[in-house]
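Below, subunit A partners subunit B and then partners subunit C, in two separate complexes.
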Partner chain A sequence: MSQHTITYEHSGVRLEEIKKQSPLRPWANRTAKFKLVTALAALIPLLIIAVVYAFTEIPGAIVVVVIYLPMQIISAVIAALLVGGKNAAPDAVIIVLAIGATMLSIIIVASILFTIIIKGFEALSLSFLTQNNEYISPPTPLGYGGIAHALLGTVLIVGIAMVISVPIGIATAVYITEVKGKGANAVRFFVQAESGVPSVVAGLFILTVFILSGAITQSAFAGALAYFILMLPTVARTSEEVLKLIPDDLRTGALALGSTRAKTVMRVVLPAARTGIITATILGIARVMGETAPLLLTALTNDRTIWNPFGDPIASLPTFIFFNVSLPFPSAVSRAWGAALVLMALVSIVFTAARYFGTRKFAKS
Partner chain B sequence: MSTAEFEETATATLDAELGQRSPDAKIEMESRELSVWFGSRKVLEGVSIKFPSNSVTALIGPSGCGKSTYIRTLNRLHELIPGAALAGEVLYEGEDIYAPEIDPVSIRLKIGMVFQKPNPFPSMTIRGNVLSGLKLSGMKRPNHDDIVEETLTAAGLWKEVKDRLDHAAGELSGGQAQRLVIARALAVQPRVLLMDEPCSALDPASTLKVEDTIAELSKSMTIIIVTHNMQQAVRVSDTTAFFLAAENEPGHVVEQGPTTEIFSNPQDERTLDYVNGRFG
Partner chain C sequence: MSTGLDQKPRRLPKPTAFHRGDRVFTRLVTVAAFTSLAVLLGIAIFLGTQMIPVIQSQGLAFFTTTEWTFTFAMDESDEVKFGIFGMIYGSIVLALIAVVISVPIALLLAVFVVFLAPARVAKWMTNFIDLMAAIPSIIIGLWALYIFQPVGVEWAALLNQYLGWIPFFSVTSDNFIGSPFIAGWVLAIMMIPIVTAVTREVLDRTPPELVNAAESLGCSLWTMLRYVALPFGRGGLVGGVMLGMGRALGETVAVYFVLKLVFDVNLFRILDSGGGSVATMIVAKFGEAGPQELQVLLASGFVLFIGTLIVNIIANAIVNRTGKLKS
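And then the complex of A and B:
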């Protein structure tokens, strides 16, 4: 054995002990004092507002916002001072505000969902999803007629809008970030401005320039053009952000291998940004899916099922909801809620897809 | 002789050795049988190292054997990764830094860190970067101008930047930026400085400057440095620990001791091969 160095061979008694160690998370262990103080800090304000709510006439919302929130912040700060010292107090305030804001948005989303599900469920049935409105009138009781024609219309309009806006949107982003042409700043500015165009103005533009001039008729295609105006800035700007995140090393790496700039973009940069660009597309779809105003001007509605995107006025979920919800017939209002439920489901599917593609890593040889 | 006895004798020998080097060498930090996990994957096993006060310890070993993971457990950065876990002990001045009443923020203040990639805060000036630790931690120290000059001088950067302290940190070269973040780490007066491959992104001239800085700093603080550069380990460190991980096995320390011994007279064949550049 050496006089100087320790060689640690993994054998013998100590090693067996070491092998038996189990993984611990000491940072998650809190002292008893910490547990007690945080529990009290959470419970006391709740108890107080429970009493206030029970014994006074003050409305619940005011109790929560005006009494509970400040009290919870104060109690969290006191708790932080007791267990963590003065550095912990700002953390405590931020945590309370963050949890408060989260709860608020959860409550809002949950109550919207709850209302739509309760009211929409009544109308839901297989025939509701497979039939159109050709042979019914608004007072017809539920069980007859459905929204298949509106669902098809939404899919057609959104699909066509997507086919037009995704390539143009990506090309715009490539021009701004990869080509870095002379007009890049101007293009970025106009795309930004376009994202501020109100949806009704987009519809009005298509109506006056394309429909009233006689170039096209009110149809799925006309609706898709209006949607395109709304989708393009979302797709272009999100893609731009994504492309900006691709490290320059990748570009120079490809160029140093003798690649042309076009090939660098097509083979290296865009594939590297693929998940982000899929997300950009889906965000664009989600942006327009529920837009009603432009379709009222460009696609109108229809009781029949329309397959030809260039022919007749066509129904869509938002316009279906719009026309039915204002009718004085309970069955029509119910159908509107049912359509709202289907539209929400469609949007959730799109967003779930966005999350799925956005977090998944693809690799190709 | 049982392994436990072996360990004890060996440790005693090492202590004696260090004792010779500087008679009052007290142990500033140590890890005892430290094992570390990411989720269910164990990446380090039974790492016991002592870091004497005001010494420089080099951690060497091939990529992926857990050196970065190890030094991140020494100032409680490891726990920021979801799924992280550990077993064993890390002691600072004899006290377990993972004890429940210990505030991780105070540990990170005392045990500073410099990372592989220089990471000055781009939105701050050079001066702002140096003083950022004081602002972020709420530490109060008077005479900020003196602190800026002292720490930048200690980091070997003062002469190069003294006329442009109010310029953005982004204009510094890689080597300058790394010395700036060293100055930044020093401004909060840590007792221990962890350095994870601080020179791997630097040119030779900057590397030598950082090494001079390390030599100067080690007079008054304890330094633990991960390096892939064998010459650097020889130049800057007093003791060296050699980490190794067999395929799909957790990493462990194969051999540790005075740097001269590890490099001139290693006891383990794998150490010999590694320090001579035959693998890794």
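And then the complex of A and C:
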């Protein structure tokens, strides 16, 4: 510190003066000309297409893609040449296109969510959530019948799949990070390969092995087995990431105190990773909850409320939507939208829960 | 300066060496860890064996022809013919359309999130992309059927009207509903978050010193992307696209709602109504299938499994290798 002071004093500049200077921040150096040109470059094309759209018969898609986009790119390039020189021109194109891509994806997602909410609310009522379809036929008006049976089916199927896949998924992660067996890399490879299995193939597999062979019938349990195949890779990979973050001090500490490997894992490592494992479970649930194809093959659908997961075909939200959309009755389609809204709400809850647990610290070293 | 930090940690003896409980624990965990292998082998074996009788009765025509006997309409004595060439070809066409549409969008989205957006917007966008990936395919299918299809038909009509001289955009009828173009768009919507997530991660991994060096040398964003970020993440980008493609090949219900399934191969007229998809065909035919047809569906499932497995393994290998480059 003192050395610096001396240097500055020798060169005739006082330290206090240097301290008083604020940093230049060249990137914040937006002149009035820059602001004006940018604003004009963004506004003029918008104004022109607003006029074109209002006073001509040209379809909207052409207005946006053939007229607006090239015009916006050209105006951005001109603006870039005016304020930034030749090298800024490609940047202007990228910025326009990137913002365009972002807008497009936001519009798509907003459209999906908006449609579900608008159309779903038409069907939504208390009876819709608490009744089943046993005593109604598809053309019955909306006030009667509901999705309680499908909701129960989804909960049963996802619940059973969770009970099977979470222990196996955690064990897979433990094998890779704690036991560090010889096959760790191979196991990681297989898990990755399994995560790419199409959901319909998972359904076909369960169909051949368990249902066509006569071992079990199409039921919640069969559906859960198909979900298990899809859920396992997600749980295993996320748990592995989480276990890797647990500090080694915990493991060595437990071992030094005389604990066995098994107890170290069960009593120290896994409890320390508790929140992370909850996140892994939730992500697994989110992965399978909307899967339709495997249930079409293994669980079918049903109009009654089924509590027994082994005996009968069972309804679930995705298959309920699938079969109702295919019916030529407005009330059935409306029910499908209602079920879609409930399914999306469930997915959002699960998604938010994963975010909540995922951002919390799970290992305090 | 020896602080002891540079010493390698001592390897603990294998757990089997000292405790019976540990031995049991290790065995249990090992058995559980190989469940995914068992599942993969199980799928290969059980669906693969269904392939044998199908090949015996159909021969290679199963892969190369497009004839499909509708079993509910025929006599027992008739010779049945099943060929899934149109479906395999259709699946690939759909995946390619989805790639062509989604990759530029996903790439631009990733560039926006990593290099352009302010930190808060970037974080918000990351969450948004994850949410997009979480939307169940059946909901996207429902939305596509009622909301997107009319829009897609309009776009298709416009494309045909102005660019119809390009063979891809020519049509044989004026019916644009259920075309591969629309189904490809739906698949693209499902692919965008997957490809964006991988691309974003890969671009994020570009060593900051390289980016900073490029910028301090006066590179513009484009030059930096062109000469630093994209070459560095090229492998990961290709892998991400292939991961998305694997998902597109296996997608079932969303396509079921918007694609008119025809067994004849739709060679290149992507705006024409009618196309094929192996996954969708399985679900569409399952309800009415007799025993022999069911066997054919299972064999088709095997074809789909092998196809997606190959795409996925290659994609994962590429992505994983890119990950190691950074260290």
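Operating definition for what follows: the second predicted complex is superposed on the first by the 247 of 365 C-alpha atoms of A that agree within 3 Å, B and C clash if a C-alpha of one lies under 4 Å from a C-alpha of the other, contacts with A are read in each partner's own complex, and residues count from 1 in each chain.
As a convention for this text, contacts are C-beta pairs under 8 Å (C-beta built on N, C-alpha and C of every residue); 3 or more make two chains touch, one makes a residue touch a chain.
Predicted, not measured: the structure shown is a model, and the values here were computed from it.
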| item | value |
| --- | --- |
| Partner, of subunit C and subunit B, that touches more residues belonging to subunit A | C |
| First (subunit B), second (subunit C), both or neither touched by A:329 | neither |
| Touching partner for A:357 - first (subunit B), second (subunit C), both, neither | neither |
| First, second, both or neither for A:104, with subunit B first and subunit C second | second |
| First (subunit B), second (subunit C), both or neither touched by A:144 | neither |
| Touching partner for A:87 - first (subunit B), second (subunit C), both, neither | both |
| Partner chain(s) touched by A:193 [first = subunit B, second = subunit C, both, neither] | second |
| Contacts of A:53 with subunit B and subunit C, given as first, second, both or neither | neither |
| Doubly contacted residues of subunit A, that is, touched by subunit B and again by subunit C | 87 |
| Sites on subunit C touched by subunit A in the complex | 9, 12, 15, 18-19, 21-22, 24-26, 28-30, 32-37, 39-40, 42-43, 46-47, 50, 104-106, 108-109, 111-112, 116, 125, 127-132, 134-140, 142-143, 145-147, 151, 154-155, 158, 189, 192, 218, 220-223, 225, 243, 246-247, 249-253, 257, 279, 282-283, 286, 294, 297-298, 301, 304-305, 308-309, 311-313, 315-316 |
| Contact set on subunit B toward subunit A in their complex | 2-4, 6-7, 9-11, 13-14, 17, 33, 35, 37, 42, 45-46, 48, 76, 79, 84-88, 98-101, 103-105, 137-138, 252-258, 261-262, 265-268, 271 |
| Residues of subunit A touching subunit B in the complex | 1-15, 17-19, 21-27, 29-31, 34, 84-87 |
| Residues of subunit A defined as touching subunit C within the complex | 59, 61-62, 87-88, 90-91, 93-95, 97-102, 104-106, 108-109, 111-112, 115-116, 119, 167-168, 171-172, 174-176, 178-179, 181, 183, 186-187, 189-202, 204-205, 207-209, 212, 229, 232-233, 236, 248, 255, 260-263, 265, 286, 289-293, 296-297, 318, 321-322, 325, 336-337, 340, 343-344, 347-348, 351, 355 |
